[in-house]
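Presented below are the structures under discussion, each in the form of structure tokens.
The same chain A turns up in both complexes below, where it pairs with chain B and then with chain C.
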Partner chain A sequence: MSALGGAAAGGEGINPTGTLVGIVILLVSIAATYALGFSIIPLIGIIIGGAFVGFGVHFVPVGGAPAAMGQAPGIATGVAMLAAGAGLAGLFGGAWAFEATGDFAIAVAGGAVGGGLMMSITCMMVNATYVFAMGIPAASGKVAKDPITGDTFPEYKSQGTEGHGLPFISFFGGVIGGIVTGLGGTLIYLALLGIYETGLPVIMQAEPAAIQPLAISLAGIFAIGFFLVNAVLAAYNITGTIEGPHDPKFKRVPRAIIGCAVASAFCGFISMLIVLNTGM
Partner chain B sequence: MEEIVLGIGITALAGAFATVAGAAEDTESDIGSQGDPNSQVQLAPQMGYIHRIFNKAISGEPPAYGAWCAIGAGVAWALMQVNFNPALAIILGSVIAVFVQGVYCTSGYLGRTASLAKFQQPVYIDIIKSLLSVTMAHAFVAIFCTVAMCHLMATALHHPFALPLLGLVWGIALGAAGSATGNPFYGKERQYQNQKFGAGVPISASGNIVRYAEAGQRSSLDNGWFTTKFAGPASGICFGLIVFLELWRTVLFEKMVAGWGAIIVGVILILIFTFIDRWIEVWGRKTYGPYTAAEEASS
Partner chain C sequence: MSVKMEASAGKLSENTLMIYGIVVALVGTYLTYLNVVTGIAVFSFFGGIGAIAALWWGSDTIKHLCSYGLGTGVPSAGMVAFGAGAIAMIAGTKFGLASPIVTLVLAAIIGAVIGYCANNIINMNIPVMIFSLMKLSIVGALTMLGFAAMCTGTFMFNGLVIGGMTLSMEPAEVAAGGAQTFMVTVLPEFASSLIGGAALTVIFFLGAIALQHPFNACLGPNESQDRTLMLAIEVGFLSMFVVAVMSYAFLDITSATVGVVVSLIGWVYSYKQYIALSKRDAYAWLDAKPIMEVGGNE
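This part shows the complex of A and B:
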């Protein structure tokens, strides 16, 4: 029961009514896109990219305020914020790679590696701070043994805390999270860039080459916006802190994927309306 | 060849800017108490511990620095469009962004502290007078270095994003790197200096932050002095490494292996950092040892 006397909400389950409403919104967005004469391929790219971002955020080990006092494991900042930092670093790399090579696969891989590199450096420096400056070894509060290295944690957990630092499984989760969010963000950017590169010259009646900087900037701004929408949705699904893929909260990930796909579909449809040719 | 040499030079300069930006960002956030440790500054009066620590967190560091760097880069970009000298444009853009930061700090401190009135926490006007200029000065260094770094990326390295967009992207990344690396040192080592070294703060001690210095009450300036010993430089190294290696792998290896060179090098770098992280983790476990015997902990 909740504090207000109603049935308990949240948890790991998927709400069938909510999911149904979400799927209807998703299908309506796709249908509306098609009805207005747009190709639905870029929208599918945006939806997949959004789902990747929502999925990747759940890997990032975030301890929030308790982690800043060594009271809980993870990185001492907010879920959406850290994921955005990693994903946007990936987006930077992906956009640059696409500019230089024009190859879709290289750009997406470049975005993924950019996000992963940012997270690997950040996670390493977090552990360096805990170990070298604070004298605190890493210990998980959610599992007794690291699933990858086999290190045991209960005896390394200081009294009165839920653990601290970044055990290897959390570091691994952080890097995977950076890779997946970087990949998703770049996918969204490339889908939007394709729409604006073809749509803007038509409605502005200008040469494609002259419109290119505007198309890139618009796609970049919208990609950042999409990224934050999906990262914040995933953060709400996590509710507070998460240690990484071994955390029981990770089981909530299907709900986030559905939510992010629906939000991305609707936002994607809105972002396409900018280049809607009304003939005016 | 000449282009690559120039690219490496620009990469090194951008990395140096990023290192200074990271160090200044973390020190600013520790003096202003903006990151997650601020939860304790807000909690302390509610537990009966009245203090004189600056308290200006409204949002996390990443969105705050994203906004400030985007403002700085946006103004600089606009000035450059009307043929201002880039150095002057970046300085003026950063100055305007710092004024926004100052307004944010003032309203943050007054609003947050006033909300604690029912717990008898006073609003100290002298804290605003003495600390506001210090946080603004550090924020100026962080914003100027980030915008200058973004300008190098846009003009010398030809990144497709416009300067304001680069300011937003790297401002958010700056805040994320600085808060992730620097927060635990400020939160645990400084705020809870009265707790044992080498252990996390017990949850029961929450709110009991150190409020007194060698003479008189502790000021947030003391916190800046303390955190520049580790948290500031560590955040600088973190952000500097991110920027430098991201640019370095692209500038040097992008054209190799049919365009996959930069990605292969990126994967190798991730593996190297994974190895270093594991070494640090094992070193910590071996050096400090367990707090309790394994059987006792599991029982």
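This part shows the complex of A and C:
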């Protein structure tokens, strides 16, 4: 039993049986939520937020270990770490905006800006390190021409590498990814906060004002849990590195959206059990 | 990038580890109930021991999952384990004395759903995916429950969300004889509790780092099971030490100090064992000493 298995099979395309079963799990979660007497609007919010997270992670240019050695384009760390960074920054931004204004739209926008800002700072500093410290130009290996600026890459790409640095399209993808994941994380947080702010005072028999810190903490901890689950599912879909929206792997995004929606629906249903009166 | 990692065949099979891990984690968590039975909180550190047992088992499960080459690095498995485990653990604590059992069952169900999403919807097609994510979710949930029980002395929802009580006095009606009476009500304080103060997130990441680190640090051609598992115990005790320091906020000084002492003794012992095992597995080593100052003209 020296080697347990080979490389992950991770084929392209959608598995119809799996997807169908997944959609059944999603619908059953919604039905169970309705049957227990909860409003299904927050659960829909959680599902949409989870799908946003799964979608947004695919935009983030992830290079992994090869990028650290200048042999592949992208930011030199794993998908889950980058997504957690962008999403949690967005989550803090959104939570703070909601605390300050109490307005749903401003809070969601604040989350998106928080995530986008974090990713744009990361991408800029990564490129500064690549260009001025490692001395490598930005060149993509997957496309010959930058779809936005029209810059050509093959002249700058070193032999034997898949490209290096962070071209503009990857930078652009990183910022879009930060915006979308931050938006998704904030949506999940706000949906959970709504459930706990109304549900906890009833079940704990306490004043809504006294229960406020508990509701915020619970929603925050759950949102982090949801976020990491969705980010890792999306990371599994990418299997390693991705350059950004121009990468061929980006075509796999539909199944990540379905997978994240199903996982979010079920986890959202479990998280509502907190405000269910179990009599204990 | 698909790097094939090799998993060593160990003396202990995965099922043996699972049985030990679950039993010790559950027993350890339940032993903290002695706090309620005896009225003193010195038994809280058993929760930490239970959490370390879960981490010990989990680091072996991660090894088997990651040997398939997920392409995302070992840490992602630790993160998804605790993301799912946190949801199961908080929902599970609602069920009173049955909380640890309910937590285990909920975590298994959530892990199965996430594993199904990863394996069949996202098309990973890894034979051990669903079962591994079930186990990892259980590990995450039991670790968080054990550390939370150690930190606060209880594994029940009310103990985790109520930090203390404040008395509020309001003047009531004037009683016969002109004496003023007061109505005293007890108000629970939520912001100073483990969950209300969001100190649970610290436990979340302490556990997640302790779960993903052992295999991430030991993987390679000569990875051996006993060394990886000893590292899991070592980082487990290190996390337990931080939780013990946090427990000064929630427990009395004696009980918290017992936790600190137990975790420090455990950490020193397991660290020495780990260094000894590393030297055993190393090809050669050099006990480097500072460069000696040589006097005279040399």
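Throughout what follows, the second predicted complex is superposed on the first by the 267 of 280 C-alpha atoms of A that agree within 3 Å, B and C clash if a C-alpha of one lies under 4 Å from a C-alpha of the other, contacts with A are read in each partner's own complex, and residues count from 1 in each chain.
We take it that contacts are C-beta pairs under 8 Å (C-beta built on N, C-alpha and C of every residue); 3 or more make two chains touch, one makes a residue touch a chain.
Keep in mind the model is a prediction, meaning the values are calculated, not measured.
A.B. asks: Which term applies to chain B and chain C once both are placed on chain A by superposition, clash or fit?
C.D. replies: Clash - chain B and chain C, as placed by superposing on chain A, overlap.
A.B. asks: Contacts for A:Glu155 in the overlay, against chain B (first) and chain C (second): which applies, first, second, both or neither?
C.D. replies: A:Glu155 contacts chain B only, not chain C.
A.B. asks: Is A:Cys123 touching the first partner chain B, the second partner chain C, both, or neither of them?
C.D. replies: first
A.B. asks: Touch test for A:Glu99: chain B only (first), chain C only (second), both, or neither?
C.D. replies: first
A.B. asks: Applying the touch criterion given at the start, work out whether A:Ile25 contacts chain B, chain C, both or neither, answering first, second, both or neither.
C.D. replies: Only chain C is touched by A:Ile25; chain B is not.
A.B. asks: If you stack the two complexes on chain A, which partner ends up touching A:Phe168: first (chain B), second (chain C), both, or neither?
C.D. replies: So A:Phe168 only meets chain B here.
A.B. asks: For A:Pro42 in the superposed arrangement: first (chain B), second (chain C), both or neither?
C.D. replies: Neither chain B nor chain C is touched by A:Pro42.
A.B. asks: Classify the contacts of A:Pro201 with the two partner chains as first (chain B alone), second (chain C alone), both, or neither.
C.D. replies: neither
A.B. asks: Report for A:Gly78: first if it touches chain B alone, second if chain C alone, otherwise both or neither.
C.D. replies: Touch status of A:Gly78: both partners.
A.B. asks: With both complexes overlaid on chain A, does A:Ala65 touch chain B (first), chain C (second), both or neither?
C.D. replies: Both partners, chain B and chain C.
A.B. asks: Between 37-45, 109-117, 253-261 or 289-297, which run of chain B pushes into chain C after the superposition?
C.D. replies: 109-117
A.B. asks: With the touch criterion stated at the top, can you tell me which chain A residues are shared between the chain B interface and the chain C interface?
C.D. replies: Common interface on chain A, chain B vs chain C: 64-66, 78, 81, 84, 213, 217, 220-221, 224.
A.B. asks: Would you mind writing out the residues of chain A in touch with chain B in their complex?
C.D. replies: Chain A residues touching chain B: 64-71, 75-78, 81-82, 84-86, 88-89, 91-93, 95-101, 103, 106, 109-110, 113-114, 116-118, 120-138, 144, 149, 151-152, 154-168, 171-172, 175, 213, 216-217, 220-221, 224.
A.B. asks: Could you please specify the touching residues of chain A with respect to chain C in the complex?
C.D. replies: Residue positions touching the partner: 1-15, 17-19, 21-22, 25, 64-66, 72, 78-81, 84, 204, 206-207, 210-211, 213-214, 217-218, 220-222, 224-229, 231-233, 235-241, 255-256, 258-260, 262-263, 266-267, 270-271, 273-274, 276, 278, 280.
A.B. asks: Which bits of chain B are touching chain A when the two form their complex?
C.D. replies: Touching chain A: residues 35-37, 39-40, 60-63, 158-162, 165-166, 168-170, 172-173, 175-177, 179-189, 191-192, 197-206, 230-231, 234-235, 237-238, 241-242, 245-246, 249-250, 254-255, 259-260, 262-263, 266-267, 269-270, 273-274, 276-278, 280-281, 283-285, 288, 290-294, 296-298 of chain B.
A.B. asks: Could you pull out which chain C residues touch chain A in their complex?
C.D. replies: Listed in rising order, the residues are 1-2, 4, 6-9, 64, 67-73, 75-77, 79-80, 82-88, 90-91, 94-96, 106, 110, 113-114, 116-128, 161, 187-191, 193, 195-198, 200-201, 204.
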